[in-house]
Each structure stands twice: as C-alpha cells, then as structure tokens.
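Structures are listed in the sections that come next.
One chain, chain A, links the two complexes that follow: it is found with chain B in the first and with chain C in the second.
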Partner chain A sequence: MSWTGRALPRLEDPTLLRGRGRYVADLAPGAAHVRFVRSPVARGRILGIEAPEGVRVYTAADLADVGQIRPVLERPDYVAVSQPVLAVDRVCFAGQAVAFVVADDAAAAEDLAERVFLDIEPEDPVVDLDAALRPGAIQTHPEAPGNVLVEGRMRTPGLDAAFAEAAAVIALDLRSRRQSAMPMETRGGVARYDTRDGRTTLHASVQMPHMLRTGLADLLGCPEAELRVIAPDVGGGFGQKMSLFPEYAALVWLARHVKRDVAWIEDRRENFLASAHSRDQAFTVRGAFDATGHLLGLEANLRSNVGAFSCYPVTCGVEPLMAFAELPGPYKVPEYGARSRGVTTNTCTMAPYRGVARPMLTLTMERLMESAARRLGLDPVEIRRRNLIDRFPHRSPTGLVHDEGSYIAAMEAAVAAVDVPAFRLRQAEARAKGRHLGLGLSVFSERTGYGTPAYAARGMAIVPGYEQVECSLDPSGHVELRIGASPHGQGLGTALAQLVADELGVEPGQVQVVSGDTDRTPYGWGTFASRSMVIAGGASRLASAKVAAKLRGVAARMMGATEAEIALEDGFARVRGTNRATPIREVARAAHHRSHLFADLEGGLRQSAFYDPFGTFSNACHVAQVEVDVETGGVRVERFLVVEDAGRLINPMIVDGQIHGGVAQGIANALYEEVVYDPDGNLLTASLADYLPPTIHEIPPIEILHMETISDATLTGAKGVGEGGTIGAPAAVVNAIVDALSPFGIEINEIPATPERIRAAIRSARDSRT
Partner chain B sequence: MKPAAFDYHRPTDVAAALALLDLHGADGKVLAGGQSLVAAMNFRLARPGVLIDVNRLAELDYLRVEGGHLRIGALTRHAAFHRPVVEGPLGRLLSRVVDHVAHYPIRQRGTFAGSLAHADPASEWCLAATVLDAEIVVRNLRGERLIPAAAFFKGTFTTALEPDELIIEIRLPLLDAGWQGGFSEFSRRAGDFALAMALAALKVEGGIIRAAKLGIGGVADRAIRLSGIEAALVGREATESSFRAAGAEASHALEPGADIHASSGYRRDLIAAMVTRALAEAAA
Partner chain C sequence: MTDRLATTLDVNGRSYSVTVEPRKSLADALREDCGLTGTHLGCEHGVCGACTVIVDGKPVRSCLMFAVQAEGLAVRTVEGLAEGDELHPLQRHFWEQHGLQCGFCTPGFLMLVAGAFEADPTIDDAAMMEVLSSNLCRCTGYQNIAKAVSLALKDMRAGR
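Then we have the complex of A and B:
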C-alpha cells in the first residue's frame, strides 16, 4: 500500500505542537537588539535626525555603500522605483524606517529609539486609490507621473460587437479594502558574523531564503558565498514573508560592520505599519450577456493600490497583472477588454497575500453571474452551468491554458450536498419570522504550480519558477531530501516524505527533509503561489526515482536478478515473483561500503533533479450559508461547504488544513479585516484591538468534499491547493448576504461587508423605497 | 511593544498596599488582572513609574451576600461570575453579562474591580454598576468612603478614585424575585469591545411594568443610565411595542461617539436594537 494518499499525521507536529519549534525569536538571546525609528508621517522631507547624547544612531548616511531595492519588470508600461534601506531625504509612508539604534535588549532599544528625534517637514500625502488617479493628484514618486507604476491593457477585436448585440449588460463597481496577511509570527532576523571565516548568517522568518540571499548580496555588493540565510521554523507567511525587506539588509550590514550578533524581532505594531499590505483594489466591470445567459464579452477597469514601493522580487505587478490575466476565471469569455493599473500611494507597500488578486476577481465574476441571472430570470446555478469552461485544454482570452478540471461537476456536487430546495423552504419560514437567511455560491479556478514560463510572460527580470531537489540515501538506509522550497508551517516535509517513501520503499519517518538553509539546500524559490507540492513534489519524485534506480541495480546484483525485477517496498528490495528479499538498509550499506563491487553501475545514491512545469489549475465550488441581523447589520456564517478538486491528494489531511485556514482568511476578507488609513496617511488599525481577524467563534465548521481530476500537467497528479480557500470564500459569503437581503433588493459592493456597511445598504434601500 | 521601565511591588496585605499608594501617589498604579494595563504599558500608552500588584491581597478575594447587597471583593475575577454567584435575578443577570467580558482566558485573570477602576466606556461591568446602583468602597491610609456608581465614573478611563485610594469592594443591591434582567450587546467579534450594549431589569406584574432599570454602554465616554426612559416605561404594558418605543427614544437620547468601527449614526441603530432586545429579554 502506498504512503501517498494517506492522511498521515504530520511529521512536523510532535515538534511544533509541543512547543519545541525553533523560531527566529528563540535565536535572539545573546544578540544585541535593533530598533528601527520609523517615520511618523506619510510623506515629508527629512530636515534632520537628532541623536540623544551618547547614543549611536544609524542613518542612511552610514549605509551609503548599500544599494537600493529596485525590482524590475521588463515591460514598457512599468516604472521602476527605488527603495532605500533607510529613508534618504524624504519619507514615503508612515512607518518607513529612517534610522535605527542598537541596545542590549529589546526594551532598552525601544527606550533609545523613543529619544531619537526625526525632524521631518510633513507634506500632503496621496493615500486613496482613486484619488491618486485623479488629474493633478500629488505624485508619490517624481518618476511616476499619474502615480501609475504598471499598466496592463488588452482588447479583443470583437468586444464592441459583443456589447452591441447583448440582451443584457451588467455593470459592477466593486471595492476591496486593504488587508494584512498577518502571520502569527511577525518578521524578524538574527544576523551572526563569524570572525573565523568572515561570513554572516542571517536567520530570518522568510519564505524565499535563496532569493533573500541574492538580494542581500546585491545590495551589500558582496559575493553570495559571504552570506548564509536560514529560515528556521516559520510561523506562517501567507506571502508577507516573500519580499526582500530593508530591515534585513540593515541587520546584515550591521552584523558585518560591528562584527557581532544582532537581532531584530518585529513587534505587531511594526508588522501592521511597515511589513506589507494587500487587496486594496477597485474593479469596475461590464459584462455583455445574450438572452440565454451566455457571457459574450467582459470589459474591465482594474485598479490596485500598490503602496509606496515595489516589492522584490515579484514587483508591484503581482496584483494588477494577475487581475488582468486571470479575471475571466473559470468562465468562457469570448471577448475581453481590460485595463489594469498598479497605483502608487503614500501607504505601506503591497506584497502578495494568499490569493493575490483572485479573491477580488472571483467576487467580481460571481457577482456578475448572480446579477445576470437575476436580470435574465435564470437560476444562478444554470447561468454558471452555461458559462463554465467544459472543454480542455481551455485557452483563456489572455492566453492562459486550463488543464482538465471539474468545474461544472464540482458545482453540481456542492449544490446537491447543501440541498438547495430544503434550504429555500427554511429560508421562507425564517423570513416569515423576520429572520434573514441566505445561501451563496462561488465557483473559481486556482492557477497553481506554475514554472518559469508564467513568470517570464509577466516580464519579470528575475524569473522564478523551477525547483531543485537533492535526494540521498545514507548507509543506514535513511533518506535525506534537500529542497530549494522552504515551508512555512504547511506540512510540506510530511507530504514530500510520503512521495519519496513510495519511490524508495522506506517509511516517511525515515526521510529527513532539509529546507530553508542556503548552505544545505540547492538554489530554489521557496514557498508561494501554491507551488510547493506540485514543483518541489515533482522534483522530489524525479530525484528519488534516480536514487531508487541505483538502489535496484545494487540489489539486483546482490540477489542475482535484473534491475527490472527489483521492487522497493516495505523496507525491502524484493525480487518480484520470488521470496528473495534484502533489507534496503543492507543494500544501502553495501552500495556505500562495498562500492568496488558496483563500480560499473551508473548513478549514485545522491541524486539531484530539476523540475519546471508549465502549471495546472485546481478548481472548487464554495457554498456559504449566512444569517443577517437586519437591525444591526451583523452577519453570522452558519455553514460553509467546499467541493475541492486539487487533483491527486498526497496527504488529504494537510489538504483539508489548507482549505480550513484559507476559508477562515476568506471569511476575514469578506466580513472582518480592514487596514484603515486616515486622510493624512496615518494608520488607524495598528493593533489587534482594531484590526479584526476572526476567531474560532466566527468561523463555522467547514465541510469538505474532494474530487480528483488527474491532469497530466503535473508529475505527481497533484495540483496546488494553498490559496483556494481564500480565493473562493469572499464571493460565497457576499452572495449569501445578498441572497439573505433579497427582500430589500440590495447589492454588496464593498468588502469587508462590515455590519455598518450592510446596515447602511439596508437603510438606503428602505429610504429609496419611501 | 516593550514597557518602559517601572518599579514593582507586591504587598501581601491591604495596609501595606495603601502605604505604597500613599508613598507613590500619582506615579503609582495598581496592577490587578493586568488585562488592560499591561497591554497599555506595552504600547507605552501607560507609563506608571511604580506598579503595586494587589494579587497577593487574599483578604480582598471574596464574594458574599450581606445587608441586602452582593459584596464583591476587589480581587474577584470575572470568571467567578460564569455561574450565578447569588440566587435570584442578580446572579443570573451577572452570569449572562460575563460571557461578553472579553475572552475566557482574560476572564480568568481580569477582575471586576479592575474593570471599574479602568473605566473603559465599553466595559460591561461599568454598565452593570451604573444600572444596578452599585456602590464602590474605596480606602486610603486615612480611611474609607463609599462612592455611588453615578458619581464614580467621570469619563473615558477616568473615575472619582484618588491616586492614593484602592478599591476594596463593590456592593450591588440584590434584586428580589420580582425582577428579571436582560442584556444585549453588539460587537464585531465575540469578546470585542461593545459597539453598543444595553442592560435592563424589569419588574412586571400582570403584564404591566412596575419598575425599570435601564442603561447603555459603549456609545459615550461612560455608561449612561436612561432614567427618563425608565420612568416612562413604568405603567406601560410589557410588550414589544413598548420596548421598540423605548429603543427608538434611547437612540435619540444622546449623540453617540464615532470610531473606525461605528459611526455615530450607525451606533444609533445599534442602541435602538440593543435597548429593545435587553428589555424584551427582561420581560420574557
């Protein structure tokens, strides 16, 4: 029986659940602590930095030899901007690091930082997305007139004709307010200078350790060999920990400069102020439908507030260009026109957050389907049935190729599972008693596991995408798997161990997965974009298959059989069809210690592999059932059901965990979390008293059904599943609210759909009626 | 988010605590459960020079009924109210309210008296004290005084407590069996500060309201006792329409505060709903 497909308890859990994990802050004792002095204003000129007497304050002048972070997209519509490690002459958002101080502990460093006076002449900032696009708006950067840093545009030739012949045109204006990915562990780093060899090791809570090392070496102007980056246990990232942040450059510079151990452990307020935000987006779309509900054409004006700078390496194009390329989602869109802009403002920089643009574009397409169904008198399921893609491979108007999926079948399964007719009965009974229940659905595709072609198409100067894995068998028959990917808590090590165990005939517990250390792992890209299982999984299978081949060769020689006759299973190399078997550990030992006997066999017990797939689409259907309290605007999610198709499930329990967490963050997006700036660019939600991630009280039990469409787009049959929960949930929740409030005939055009916003919509619906 | 430096004392009897308060005056701050104070210190919004930890004052850890009052010793934790602490409507009402006081772990540490001393405008216990006519017993080296709730709360985080005074106990008049309490709160998430809440107690006989206590919290700089609406309710039928009328009146009784979670106008909607629901519960 294979290990793949089993809900094996995670190999990481005995460590993590018993508090034995080792996070960056656990490595800080003994190091001096750095505290950054941050800009109190959103925009202004730095007139001076006054150090308290006897205190060493580091400023941009000290870092004159350090480069600036300048991410690049190779496209004519992209404007590159540079971000200094410490602000030079001017500040561009409240929270930008201007200086830092060093003390023996974090409290003392905070004491010192308070006494540093930043003399900044404030200037009027530009904060709001649409305000930044108005003619004559204040410019965030002089090199970006109109505040547009990146712009995607396309228009298929038949778009105007599609609108001309439409039976119904549905227009929507949707707004997603800003969010923070808010990992439980904040950012942080401990940099250690080694006087023995002059190297500096940065332990940091990051998702892309190799990329970080490249970025740091470039900024510091040193060979990468002088640096080592280690991601120890990481307490969540969700995209926020992908980027090269100025704080890490400052920390490594300082360690090299003062030749001692230095630490920076970000606090929650700094994380809200200065790490990365996302989802500050406005989508205006029009859909042209024929009388039978078929979508003929889609036109979109998409705006994303990308904040003050561009994130490295993925750039500020990540949200606007994904929105542009993927808006049609799982639907057939014959004609498409879109303009998508990344808009810079005096706010914290945007970076990827689980789902990136797709929660918003899924909300857009799902509201479009619902509104069209209502206008045309069609059942909302039926209109989706008519428009969902059903022939594969499907080529989208933007050139994306969808491999085989189960878009319609997943929706049908979800609708059957929730028993819509029974719900409608309960809904009617409840309405008679003044209670408002609603059911909403959301169908979407999740592009996952994509390699270099997808990133190259975006014009990225640094093209991520492949993964490398090194697999070796030691003389005791245990496996070491060194991966370039870098898990941040999702159980990747367990899933990879399951795959490799099947190739080599050992148990997953005998596979040690080494990750997150630039000295010990091959160059790779890390964890993001729902890629790790697909790409690192594929590379792991390839590498371990090569080791297995050698193992079979040695075993065949030992037992007088041919390589093809050898099966590796249950810890033994067996000659098929016989009872001859040798323990794998004996084969491994022989291969290492009696190698002179096998010198003519090709290969070795240490093999590496490279995998760079084209990509694959997962799909799912979410259904939310809510109750809305019309007097308060409060929403309670009563039930949540997911039918997910992520291809072959390597570890179903881990997949379910990904869905649970993703749906919770999607519900947060729909109802709770919002980063709020005042008009002067001051952050009003700088603590967990005001930024509201939902708790266990707000999240219902999540029911999950799986479908398994095995696509040949991936080596393992697995598709990515890291972001789907987050992508689909907001649309399902919003559709459910609109359904619950259908007696009032209101639309929800803004997320989070806070109680106040819902209440305002109900009030205005009532006022317009009277 | 590390506190500024402070000195720390942990006296083991009230006399020693009072002596420390007397010595340090305005620079001293009493640490009870610390669930608000320590967070404020970590944000450096509070910078007491001296912390006087009262958690070892075992003599203040009591709950008893005496002289027609529930006497709540100053070290009584929120969690003590999960089950009714006294028979009758008062114990039931307090255990109804306590579920809304922050989260379970916080309720194990935070104290009833500490909530009153902190005087957060959205504190459930401050609302209960205001509506249920609490008296707060405070003491300094020179003696003890009794402050009625109406005179105790002065505004956001501000009370009649002098810097050298320590809360010893809170006295809540018992409610006889004719009373019934009701409470309704709206917050963004379970355990969050109330955007609006209402607490009511009614005495209903033959379908007619004979006596009423009513107040709202989370909408102004302190809990508000709605005495005028209480008086208007007496003699009315205990029906949904009476309660809705009271809710509508309450929502126009004052200009509620605004913050990023709720505008003033939205809070008016919430006040109407909360008052209506609390009264309906008190008459159910």
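Then we have the complex of A and C:
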C-alpha cells in the first residue's frame, strides 16, 4: 500500500508536543544579549548618539566595513536603495536600528539601551501611500523622485476598443490596509564564533538559511565557508522570515568581532515595529463588460506601499509586480492595461506575506464580477461561469500559462454544497426579523511551485526557484534526505518521507529529513511561495528514484533476477510474481559492505537531484456566510466552505491544516488585523492588545472539499497549497458582507472591514438616500 | 541591577534552587534558570498565552508572574505533562488530529486545557472552547485544536 495520499500523523510532532522543540530562543541562555536602540521617529537627521558612561554603544561607525543591503531588480523602472545595517546620518522609519548594546542577559541589555540617547532632529515624514505619490510630496530617498521604486506597465492594443464597445463599465477603488504576518515566534538569532576554526554559526528563525548565508557573506566580505546558518525549529514565518534583516548582519559581525556567543531575541514590539509589513495596497480598476456579462477588458492602476527599504532578495517588486502580472487571476481577460507602482514611505519595509498581492487582487476581481452581475442583472455565479478560464493551457494577457485546473467545476461544487436557494430563504426570513445574513463567493487561482523562469521574468538579480535534494541509504536500510528547502511548521518532513518511502519500499519513520542547516544540506532557496511540496518534493522523488534503481540492481543480482522484476515494498525487495524476497536492510548492507560484487552496477546509494519546474496553478472556490449587526457594524463569520484543487494530495491532513490556517489569516485580513501609523509615522499597533489576530472565537468551522486535477506541470502531481486560504478568504467575506447589507445598497471598499468602516458605510448610504 | 534573591521553585515535582532578580518573570526563570525551554514566550505582555503553565492547579500566564511569587507553589510545565513515555491524552489527540503546525503555541494550549480541567473537572466542551479563546495560534485556524481538545476531554473525563 502506498504511503502517499495517507493522512499520516506527523513525524515532527512528538518532540514538539513534549516541549522538546528547539527554537532559537532556547539556544540563547549563556550567550551575551544584544539590544538594538531604535529610532523613535519616522524620519530625521542623526545629530549624535550619546552613550551612558562606561557603556560600549555600537553604531554605524563600528560597522564601517560592513556593506549595505541593496537588493536589485534588473529592469529600467527599478530604483535600487541601500539599507545600512545601522542607520547612517538619517533614519527612515520609526523602529529603524540605530545602535546596539551588549550585556550578559536580555534584561540588562534592555536597561542599557534605555540609557542611550539618540539625538535625532525630526523631519516631516511621508507615511500614506497616495500622499507619497502627490506632486511635491516629501521624498523618502533622494535617489527616488516621486517615491516610486519600481513600476510595471503594459497595455494591449485593443484595450481602448474594448471600453468603447462595452455595455457596462464597472469602476472600483479598493484599499487594503497594512497587515503583519505575525508569526507566534518573533525573529531572533544566536551567533557563535568558533575559536578553533574561525567560523561563525548563526542559529536564526528564518525560512531561507542558504540565502541568508549568501547575503551575510556579501555584507561582511567573507567567504561563505566561514559562516554556517542553521534554522532550528521555527515558530511560523508566513513570509516574514524570508528576508535578510540588518539585525542578523549586526549579530554575526559582533560574534566575529568579540569572538563570543551573542544572541538577539526580538520582543513583540520590535517585531511589529521593525520586522516587515505587507498588504498596504490601493487598486483602482475599470472593467469593460459586454451586455451578456463577458469581460472585454481590464484597466488597472495599482499602488503598493513598500515602506522605507527594499527587502532582500525578492525586492520591493514582490507585491507590485505580482499584482501587475496576476490581476486577471482565474478569468479570461482579452484586453489588459495596467500600471503598478511600488511606493516608498517612512514606514517599516514591506516583505512577502502569505498570498503576497493575491488577497487584494482576488478581492478586486471578485468585487468586479459581483458589481457587473448586479449592473447587468445577471446571477453572480453565471457571470463567473461565463468568464472563468475553461480551456487549458490558457495564456494570460501577461504571458502566464495556466495548466489544467478546475476553475468552473470547483465553483459549481461549492455552490451546490452550500445550497444557495435554501440560504436565500433563510436570509429573507432573517431580514424580516431585522437580522442581516449574507453569502459571498470567491473564485481564484493560486500560482504555485514556480521555479527560476518566473523569478527571472521579474528581473531579479538573484533568481531563486530550483531545489536540490540529496538522498542516501545507510547500511541499516535507513534513509537520509537532505533538502535545501527549509520547512518551519508545515510538516514537509513528513510529506517528503511519505514520497520517499514509496520509492524505496521503506516506512516513513525510516526516513530522516535534514533541513535548515547550510553545512548539512545542498544549496536551496527555502520554504515560501507554496513551493516546497512541488519543488523539493519533485527533487526528492528524483533523488530517491536513483537510489531505488541501484537498490533494485543489487537486489536483482542477489536473487538472480532482472532489475525490472524487482519491486521495493514493505521493507523488502521482492521478485515480482514469485515469493522470493530480501529485506531492504540486507540489500543495503550488501551494497555497502559487499560492494566489490556490484562494482559494475551503475549509480550508488547516495544520489542528488535538481528540480526547477516552470510552475503550476492551484485553484479554489471559497464561500463565506456572515451575519452583520447593523447597529454595531460587527461581523460574525458563521460558516466557511472551501473547495480546493491542489492536484494530488500527498498528505491530506497536512493540506487541510494549511487551508485552515490560511483561511483564518484571510478572515483576519478581511475583518480584524490592521497595522496603523499616525500621520507622523508613529506605530499605534505595537502590541497584541492593539493588533487583533483572531482567537478561536472568531474563526468558524471550516469545511473543505477536494478536487484533484492531476496536471503534468509537476513531477508528483501535487500543486502548492500554502497560500490559498489567505488568498481567497477576504473576497468571500467581503462579498458576504455586501450581500448581507444589500438592503442598504452599500459597497465595502476597504479591508479590514472593521465595525467603524461598516457603520460609516451604512450611515453614508442612509445619508445619501435622505 | 537589583539584588538577586535566592528562591526555590517546585516544578513538575522537582525542586530547583535558583537565584534571580525580583523582577524576573516565572517564564524567564523556568527557561533560563531551570532549563525548561518548553514554555515559550510569544508576546511577554499577557495576550498570546504561549507561556501558559499550571500554578497550584490553575492555568497561569508565566510572563505575567514573577518567579519569586511562585515560591512554595506547585508549578507544572509541558515537560511534566506526559508520564514517562506515555503521552498525556491532550498530547496524543493534538498529534492524531494535527492540532499543531509550528508547535510554538502548543505548550501553552496544552497547559491551558490541562489547567482548566484540573481547576474544574466538570467543565463542558462549550466552556472549554471559551477558555481556548484566551490563547493565540497562527498556524491552525484553531480547527484541529478544537477537535483534539474535545476528544481529549472525553478521555480525561473517563480518567484515561
């Protein structure tokens, strides 16, 4: 029986459940602690840094030999900006690291930092996205006039004609407020200098250890071999931990400088102030529809607030350029024109967060479909049916190729499962009693598992995308799988063990997956962008298949059969159609210890493989049912349904877990979470009491149905699934709110749709009627 | 800083003599002075609940309690939940139901539920779901935590 496809409980869990996980803060006791002194203002000139008497304060002057973080996109419309590890002369956002102090423990370091006086002359900052684009706006960086760091533009020749012949033009102006990925574990690092060999090991809570090592070596001007980066157990990342942050460079520099163990464990306030934000986006679009509801053309003006600097390695292009390339989503858009800008402001730097631009672009397309349906008197499901991609492969106006998916079928399945007519009856009954229920739909595609071509197309100077895996079988018949990907809670180790167990005929528990350590794993890009199951999974299958081939060759000779007759299953090499079998551990031992007998057989029991796929698209339909309290503006999500098509399910339990968590974050994006700055650039939401991640109370039971379109775009048939939940949920929730409030005829143009915003919308609808 | 105080912490039935600053939180003392790093710190301001431990039979946020306040009280942490090799019913059901992903919030949830059950063994599922809303998880959307807790409560009520 195959291990693939089974809801196998995770191999990672017993350790974590017993409290024996090792997160980076668990490695900090005994090390000296670093505390950063951060800018209290959003923008200003550093006049001086006053150290308390007898206290060593490290500033930019100490780090003069350390380079600046300067991510590059090779495109003419990109302006590279440099981020110093510690601020030089100027500060660009509240929370930027200006100096640091070191003490024996974290509390003592914090005491010292309190006594450091930063003499900064404040200047007026630019904080708001659209304010930063106004003529004459304050410039965040002198080298970026107009505050635009990156811009994408295109226009198909027939766009004007599409609008000219449209029966209806729908205009939307949508705003997504800033969000934080907010992993439960903050960032942190422990750097250890080894006096024996002069190497420094950085244990850090990160998603891409190899990339971090490259970035650090470049900044410090040392060979990568002098550094080792280890991601131990990581308490969630969701994209926030995939960039090179200045704090890590400072920590490694310090360890090399003072030649001792040093630690920095971020507190929650620092995490909100200075890690990374996302989703601060404004999309203005117009859709041209014919009388039967077919979308003829789409024109978009997309703005993303990318904050003070550009994140390394993916750059500040990540949100604006993804929005630009993927706005059409699952829909046929014959003519397309878009301008997408990444706008720099005196706020915390934007970096990828689960879903990146797609929650907002899905909200945009789904509001567009709903509005067009209402204008044209069409059923909202029917208008989607007419516009969803239905022939594969499909080439989008921006050149993306959609492989086989189930866009329409997934929607039909979702609509059938929620029983819309029955809901409409309940909705009418509730309305008669003054209660407002609503149902909302969201259909989307999720581009996943893309290799180097996708990143190269963006113009990235550093092109991520492939993965490498090394698979070996030891003499006892146990497997070691060393992967360049860097899972941090997803359960990838278990899923890969299932794949490899099937190739080699062993049990998943006999497969040890090694990840996150640059000394022990092949160079790879890490875990992000719904890629690991697809890419590391594909490479794992390739590498283990090579080991299996050798194993079959040895077994065939041992049993006097041909290689083709050997099956590896249930711990045995069997000769098919006979009762001859040899335990795999005996075959492994023979291959290692009697190798002279098999010297003429090709291959070995240690194999590596490289996989760099073009990419694929998962797809899904989400349905939210909400109740809105029109007096308070409060929204409760009563029911949530997901029909997901992520191709072949390697471990359905893990897939469902990814969807659950993603949907919860998407509901949070729709209703609760907002990073708020005041007009002076002070962060108003720097604690978990002010930023509002949902508790169990806010998240309804999430129902999941699966479809499995097996596309040949990936080796394992699996498509990525990590981000879908976050991508689809906001649109479904917002559409449900608009449906619930349809008696008022209101629009929801801004997320999170907080009680204040909903009340304001209801009030203005009432005012405009009187 | 302030003079350190010698104090004794009773954790998981074992006595730890530690010398700590009076301002040191119980969480920090458990992690740094007792070497029990299974208790995690997610916010250090009493919101997320990752640091929940059981003190004298009740769940407590150990980031909001000073170590010296725990003198003479029985503290239990996630390291003391399993009996030897045998997982506690909560641990078993969290495992089987996929009630954890990154595992960072998990010790807090386990101790929250174990503590709430010890404080009131008659607690029903609905009341326990209210209790669960005191802690944050970022990975699971709470779906499988709810399932695992519900199944574990059945076992715990039956004394399994």
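FYI, the second predicted complex is superposed on the first by the 770 of 770 C-alpha atoms of A that agree within 3 Å, B and C clash if a C-alpha of one lies under 4 Å from a C-alpha of the other, contacts with A are read in each partner's own complex, and residues count from 1 in each chain.
Rule of thumb we're sticking to: a contact is a pair of C-beta atoms (placed from the backbone, for glycine too) under 8 Å apart; a residue touches a chain by one contact, two chains touch by 3 or more.
Not measured: the values here are computed from a predicted model.
Touch criterion met: A:G634 reaches chain B, while chain C stays clear of it. More residues of chain A lie in contact with C than with the other chain of the pair chain B and chain C. By the touch criterion defined above, A:A599 reaches neither chain B nor chain C. Touch criterion met: A:P14 reaches chain C, while chain B stays clear of it.
When both complexes are overlaid on chain A, the residue A:A422 reaches neither chain B nor chain C. Contact with chain C, but none with chain B, is seen for A:Q665 once the two complexes are overlaid on the shared chain. In the superposed model, A:V676 lies in contact with chain B only, and not with chain C. Contacts of A:T685 after superposition on the shared chain: chain B is touched, whereas chain C is not. By the touch criterion defined above, A:Q490 lies against chain C but remains apart from chain B after alignment on the C-alpha atoms of chain A. Legend: residue contacts after superposition of the two complexes on their common chain; A:P755 is shown touching chain B, with no touch to chain C.
Shared interface residues of chain A, touching chain B in one complex and chain C in the other, are 107, 111, 267-268, 687, 689, 695, 697. Touching chain A in their complex are the following residues of chain B: 1-5, 43-44, 103, 186, 188-193, 195, 260-263, 266, 269-270, 272-273.
Here chain C touches chain A in the complex through residues 1, 21, 23-24, 28, 31-32, 35-45, 47-48, 50, 77-79, 81-82, 87, 91, 94-96, 98, 100-107, 110, 129-130, 132-146, going by the rule given at the top. Taken in their complex, chain A has these residues touching chain C: 9-10, 12-14, 16-23, 25-26, 29, 105, 107-108, 111, 182-186, 233-236, 238, 267-268, 488-491, 653-654, 656-657, 660-665, 687-689, 693, 695-697, 699, 701-702, 725.
Residues 106-107, 110-111, 114, 267-269, 631-634, 672, 676, 684-685, 687, 689-690, 692, 694-695, 697-698, 754-756, 759-760, 763 of chain A touch chain B in their complex.
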